[in-house]
Amino acid sequence: MKPLLEVNIHKLLLKNPVMTASGTFGYGPEFEDFYDPSVLGGIVVKGTTGQLRQGNPYPRMAETPMGMLNAVGLQNKGVDGFIKDIYPKISHYNTHMIVNVSGSTVEEYIEVAEKINALEHIPAIELNISCPNVKEGGMAFGTSCPSAIAVTQAVREVYKKTLIVKLSPNVTNIAEMALAVEGAGADAVSVINTLLGMAIDAETRQPVLSTITGGLSGPAIKPVALRMVWQVSKAIKIPVIGLGGIMTATDAIEFLLAGATAVQIGTANFIDPAVGPKIIAGISDYLERHQIADVRSLIGGLRTS
Amino acid sequence: MKPLLEVNIHKLLLKNPVMTASGTFGYGPEFEDFYDPSVLGGIVVKGTTGQLRQGNPYPRMAETPMGMLNAVGLQNKGVDGFIKDIYPKISHYNTHMIVNVSGSTVEEYIEVAEKINALEHIPAIELNISCPNVKEGGMAFGTSCPSAIAVTQAVREVYKKTLIVKLSPNVTNIAEMALAVEGAGADAVSVINTLLGMAIDAETRQPVLSTITGGLSGPAIKPVALRMVWQVSKAIKIPVIGLGGIMTATDAIEFLLAGATAVQIGTANFIDPAVGPKIIAGISDYLERHQIADVRSLIGGLRTS
Amino acid sequence: MKKYIHDFEIIENREINEGHFVLVVKLSEPLPPVFPGQFAEVKIEGSPNTFLRRPLSIHDVDYAANTISLLVQRKGDGTTHLGTFKPGDTLNMVYPLGNQFHIGSAGEKVLLVGGGCGVAPLLYLGKILAKNGIKVTTLMGARKGDQLMEPEQYQRNGELLITTEDGSEGTKGFVIHHEIWRERNFAFDRVYTCGPDAMMKAVARLAARNNVPCQVSLEQTMACGVGACLCCVVDTTTGHRCTCTDGPVFDASELKNWID
Amino acid sequence: MKKYIHDFEIIENREINEGHFVLVVKLSEPLPPVFPGQFAEVKIEGSPNTFLRRPLSIHDVDYAANTISLLVQRKGDGTTHLGTFKPGDTLNMVYPLGNQFHIGSAGEKVLLVGGGCGVAPLLYLGKILAKNGIKVTTLMGARKGDQLMEPEQYQRNGELLITTEDGSEGTKGFVIHHEIWRERNFAFDRVYTCGPDAMMKAVARLAARNNVPCQVSLEQTMACGVGACLCCVVDTTTGHRCTCTDGPVFDASELKNWID
């Protein structure tokens, strides 16, 4: 018998615990040549703001040891552009389409969340209070409890479906941040966004990124992400979505064991655009091999005594 | 003409900006078969506490993508053991021998610092308020400004030579921490200690480390370390010693450009026990190639406009 | 156009001059359609400092032999390691990516201008142009004569002109110093160029001065190659656009600050 | 003993059974002294998931040929990649590391017990013991007959006994089930063992019951191999000690919780 892969994130029933991470999977169609995005447990689309944004100047990317820095800075068509141009193309996917909601002010977050709330085929939003690549807002909301609470509460008032808050790893105490947003009404948290990093070209003596600093992702950050998922999942009752450096099914299983109910695949999509179904299949194989009937019994199943 | 490599860390004149990092170079003799430790700009010895410590149980190490986690937990002979057994064997080195001072209480830090202050051939201590691998003290001192200030001030009162404080990267705002210890009397700061991370063995469903979490080092953390050195060096006036993932002379130069006056080589010593002199020579070659007469003109020389 | 992830077998690794080599790779099933100007994202296995794939232009396609060629410059760790791949080794590629050069109508006369390794996409382009009844002139620039990239290959597509910085072969100077650009000599309907940005900008200005359109092939740093990460943008008259999907081929007139 | 970092040339990569291979590596200058029980920290180039060096026992030393042998089990990425190294390739090693097996006096009778890949250090040990006039019996355990590690090599050092879990060769069972351990048969002055911890513990207890000293060679995870990082500790009667410098060879009686 095939192991059961379904998991619940609040009201969402995911067909499997594998989602794709915001900013790394476009909106889905970019990967249709490689596999049917509907096989995924969910898709979190690119960060969406109140207005169209051009993002940061080029260069926006630097490769680092087993990782990369990005400084895209929320380039997107704005919420209205999303609703008009993109939503019609993705609303037929037979998986949970989740919009990553970003902004510079609480008002902007509210505006975007309210508009997305009206979309039938978007069952959840992921509140991005952790983008390190914008001058205003972004990570600033996610690095202090009062502001994280403020933005979460404000959005909670206007947003009636599943509200996921994506936490920043650039904090002293991630469990405290998770508790704060749980108290403010979040239905789940995503852990982690990128670590703030920097790359320098020694030959030209210049920063590689136009913005000097950027967000670090990829396998390099996996140990930090795992630790944070573990700390957060012990601290809160709402589900944790784990991400940061997942490349293989084994990595994904580590996050589940650490306490994540689902995972997101980010940078790995760039290395292998067909990685999604491989990770789903790999989790299933692992469960069969270990004679575990239901993936839910892995969640938080780390043996620590 | 050979480029000048000397740099100053407060009262210490280093013959070159390359030191070795605490916990990764033993006390020096471990590497004598590979090169003469006296060629280094300085050597920071293993964390030293008030009493002998056995450290954490095995396993204490996990390899991670381009990095490693350690959970050694300050195993050392205690300050009296250091003075009696180790100091006589290393006091002849013709380089700056710096003791990394650790503790669980402010009193322990004071005790160790006072005893080290009496040693003629130890011109400086590095106050380790950032060890993630001990239950009490350690990182706890380095993740809140008031406690960092308290321990720095207390040690400053009894320690009369060069006082370096080693900062923890596991904080929301590293510049704020650096400002705090500068105000409390530090003569220099080392940036960064290890990032708190975790590794899980999916097959056994157990943490790899006996302590569950450990400190992440190696190239994986270099982008974060560079960013923190840059942030700290802009915020404070005392010198910054940069470290975190340096493997090559190019890496070292990136830290100097970001604002470090000197660098420390940590995990790289494990991969290539003879790496120290290679990095020194590589910096010299770079300066010649770029026709820079004095390494000091690289410090903070990042071109950001 | 449908994109694929395929394992190719390396058939040949041909050193063509110091610092450059050509890989010929073969697919076990029939090749899908691949157009001039497109590129592949290549996985370089066994190079620990090469985390991301590397974008490389389609240098040539041989449907009869079912092979693709890549012309590669040893630049950093990744391409240097790629140069050690041997016949029989496997090369994983995501391809064909990006848009393509616009091909005009039969009877046109066009100039292809490549600097250094930038000639890579111009071989297959010239082949297709010639096949479409277009008269091809390729202008190839290099530092020295022994840095030319298998010039004989381009002669098959039409006339070949050469400039070298040291004058050791062809005209001395950069590609823009060739007499072909003089107004009385210039008799082209269209210019295609690939190479260093500075060279392409100069070429685009010369084309503009001669009132002909100029297509340029850009090399922005990429992470995904499929339009998902938005890392590879270029500033255009219609805002930031992705080099990997809207490009790599752009009309020079679309690019901001290219033609003054 | 002085430690070195040397580039060796791979002379031979010999597959010895499924999952195991022997590398023979040669130094261009004369080999320094290397003792039985010591190990090398090997750099595995071209394996992106292998950041640290890998500790491998000295399997054999041939001063005449100026070569060292390593017996390697394909365990994870690092050792699997090492298995693809070919004659002519370079292998960088930091060596010789660690202490060594204690060699008794001529005339002694000793038992060497190796499980699986744990026989690696016992070949060179047996050779040196035999050279010192000590009578060597090697007891080698494997899962199945075709998983034995070149048994003929050990016969050169003295008697060879075999156990296999499925009984396909030698005595059926684990090494501890061999009749040699029965009191009336046991006639050794000393036991040396290397293999899985559980096996070594059982062997150490049998040796203790027979009142002879037992030296065990441990495999703790290592980062530096030179006593600098303190990652490789083992709990002993005198506290935490480093396997890489105080070991890898310990007397079983020194180890906490080994002999009850």
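Observations
Order as written gives the chain letters A, B, C and D; numbering starts at 1 within each chain.
Everything below uses one rule, namely that contacts are C-beta pairs under 8 Å (C-beta built on N, C-alpha and C of every residue); 3 or more make two chains touch, one makes a residue touch a chain.
All of these numbers come straight from a predicted model, not from anything done at the bench.
Taken together, chain C and chain D share no touching chain. Taking the definition of touch as given, a chain qualifies here only if it contacts chain A and chain B alike; none does. Taking each chain's centre as the mean of its C-alpha atoms, the one that lies farthest from the centre of chain D is C.
Chain A and chain D have CA centres that are 47 Å apart.
Chain A and chain C have centres, each the mean of its CA atoms, that are 36 Å apart. Residue positions of chain C touching 2 or more other chains: 48, 51.
Residue positions of chain A touching 2 or more other chains, listed in rising order: 62, 64-67, 218-219.
Taken chain by chain, the contacts form a single closed ring in which each chain touches exactly two others.
Contacts between chains, counted with the stated touch criterion, involve the pairs A-B, A-C, B-D, C-D. Chain A makes touch with chain C in their complex at residues 23-26, 30-31, 33-34, 46, 54-55, 57-68, 70, 72, 75, 218-219, 267, 269-274. Considering their complex, residues 2-5, 43, 49-53, 94, 220-235, 239-240 of chain C touch chain A. Listing the residues of chain C that touch chain D in their complex gives 46-48, 51. Listed in rising order, the residues of chain A touching chain B in the complex are 62, 64-67, 69, 143-144, 170-173, 195-200, 202, 204-207, 212-213, 216, 218-224, 226-227, 230, 245, 250, 253-254, 257-258, 286, 301-304.
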